[in-house]
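Attaching a single structure in structure tokens format; questions to follow.
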Amino acid sequence: LKFVILGGKQMGSIITLTTDFGSKDHYAGAMKGVILSINPRVTIADITHEIPPHDVFKAAFTLRNFYRYYPRRTIHVAIVDPGVGGRRRAIALEADGHIFVGPDNGVFTFIYRESKPSRVHEIRSAKHTLSDISLTFHGRDIFAPVAAHLSLGVSVEDLGKPLRKPKQLPLKEPSLRREEIIGEVIYIDSFGNLVTNIPARLVKPESRIRIGEWIIRGLSTSYSDVPKGKPLAIVGSSGFLELSLNQGRASDVVKVRDGVRVTMRS
Amino acid sequence: LKFVILGGKQMGSIITLTTDFGSKDHYAGAMKGVILSINPRVTIADITHEIPPHDVFKAAFTLRNFYRYYPRRTIHVAIVDPGVGGRRRAIALEADGHIFVGPDNGVFTFIYRESKPSRVHEIRSAKHTLSDISLTFHGRDIFAPVAAHLSLGVSVEDLGKPLRKPKQLPLKEPSLRREEIIGEVIYIDSFGNLVTNIPARLVKPESRIRIGEWIIRGLSTSYSDVPKGKPLAIVGSSGFLELSLNQGRASDVVKVRDGVRVTMRS
Amino acid sequence: LKFVILGGKQMGSIITLTTDFGSKDHYAGAMKGVILSINPRVTIADITHEIPPHDVFKAAFTLRNFYRYYPRRTIHVAIVDPGVGGRRRAIALEADGHIFVGPDNGVFTFIYRESKPSRVHEIRSAKHTLSDISLTFHGRDIFAPVAAHLSLGVSVEDLGKPLRKPKQLPLKEPSLRREEIIGEVIYIDSFGNLVTNIPARLVKPESRIRIGEWIIRGLSTSYSDVPKGKPLAIVGSSGFLELSLNQGRASDVVKVRDGVRVTMRS
């Protein structure tokens, strides 16, 4: 009996939260309360609540970058939900042994692309949500309680019928032109590192990379390969080519936002 | 015996933290250490540490908006404490099945108004605080250890004698003039939504709302009821009328801070 | 048997995280996933992920200020790591009954100075890290898994051989000139309080303090000792002389950054 009781936790009842709710308001805190009211023993891991408001792509990319590092059966809640209360669906899915919960607006695009979900279901079951559902805060009223119930063993199928064509964001893939690979910056992190969409497998140690006015010859294997303040190219921790300054902010120097072109020649 | 041991957790030993300590310093981290030193099995839920410094009202409103979503017996610590070390009292109270701990400076105003606390007690017991009490950080030295002891079963009465008249903030209620309800913006959230003090029960679907140069006719039932970037009025998730832009920041357009007038006519 | 099972938690399996990873990206979240994959029952306490990028001193000072408030055997992970992937070592150490994990770049300077570590070891054991180690994110690939293994009972000695001379930051001590103590501001907190390097034991109630154009006569025992907006000197919660405004930001008025001189005369 003892093992049964402790089992819930041992079986991996972890819920992660990735949202654009910010860190100043009560929104994330209210979600955690709903979760703990349903499953007091679950472990909640805040990933970030600082996704830029309404930026579904950034949430999708963030989710892709961390979820694999959690134990299987972890429930990942991802909420960037400008369509809340409108016609967008609420969904839950299983992929790669993990469970995902959020709006059907493309926030799970990388999961569909890279992990082949075994099943995607609409969330329709009133049994697994709060009884009062607000117009603007489904994170608290739908997604949090659903995640908590999933952590207690409810199955994705119990939530509603399968969804055939979940929404996906268009992803920009790098293109090949003559001997050049043409990619772009898709994410800028807190350190000002420029993350491109060029995957590690296309990158060679002797590649020559051009971005804005920079030309970088060869890949580095650590930031300190170059003098302080100098640019470098490196395979980043998410598996893509990144452009950085040693102890500086590449994004301040290149003065670009997402979408700037990066050219790589072997 | 087994159930006794696990009981603490099952009985709801959760402590929430709402402070103006910011996320950059060690302050919130030190509080969590004190709590975990006294009760290693408690669940700590960070609500926010980003209340604007010294803004007691924002902490009070935040607390009101999330606490009900936690299980009963949860201990809510709310610290915005410009009077720390001076003559303001430290208090703990029970209301609505929840327990609250913080300075007696009005941070529990909404609890008094909406939940009728059964008892408010001063914190005087040296047994439940750290032995060294600093001049400037009672969050760590008094409120955190008191919350931890409460989570272990200490009662609010054990902390000190009852307090008759806890301090309350003056709350601005909407007023009625002829056929108009005149309210104001009391909170602006991270999305730039303007939360008013007009409660949902006064709002009718066909209401006409005026704020600054905007006139909004009728209530929306989701942000996407109006085109992207357009203003709308909606009953928000905290139970008040809110003014928003679909996928934009109402606060940027209205260019106001708290306190701007909102007029509603049926 | 029951006690054995619960013992892990009772014995203090807490891991604290202090980093410059920011709160916007997936970095801290990925670390937590690695930790929970190895030890699902550990309690993770986020101290801050908002150390300014590459600011080893601020991380070192933060660590000093909170770690003692955690139970003994807590594992404190501190990562500000501009030299990641280069020649700097990864280390783990025991001091004062606590365990510390991070890069050997001076982030543990205050621990060495104030707590006499019993042993400092290099992290070399591939058994306790992830199998794939990225070039840029040892927080996830080395420090997080090592901390998780330590929380399960692995010893610091198991990680690699002892390190004789761990790196230390030069600390500026206050100097004595005639009857004056000359110190400086070493940290500015979120409230704008100016934390100096003058320890409490040198401060006397009647001290006269000079900083910039301010002259402050005598120490306060609470912020509210002086009128709102007025400057004061007080022994802060970290054990150093601090300069503050009552309900205002001293750092805005003095308009200085770290390093400004503070003079104290008895």
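Brief remarks follow.
Should a chain be cited, it is by its letter among A, B and C, assigned in written order, with residues numbered from 1 in that chain.
Convention: contacts are C-beta pairs under 8 Å (C-beta built on N, C-alpha and C of every residue); 3 or more make two chains touch, one makes a residue touch a chain.
Since the model is a prediction, treat every value here as computed from it, not as a measurement.
Viewed as a network of touching protein chains, the structure reduces to a complete graph with every chain in contact with every other.
For the pair subunit A and subunit B, the fraction of shared interface numbers is less than half, so the two copies use mostly different residues to meet. To overlay subunit B on subunit C by their CA atoms, one rotates by 120 degrees, a value rounded to a multiple of 5. With centres defined as mean CA coordinates, subunit B is found 29 Å away from subunit A. Looking at subunit C, residues 2, 23, 46 sit in touch with two or more other chains.
Those residues of subunit B that touch subunit A in the shared complex are 2, 6, 9-10, 12, 14, 16, 18, 23, 43, 45-51, 62-63, 65-71, 74, 189-191, 220-225, 234-237, 242, 246-247, 249. Residues of subunit B touching subunit C in their complex: 1-2, 5, 21-34, 36-37, 40-41, 44, 46, 53-54, 82-87, 134-137, 140-141.
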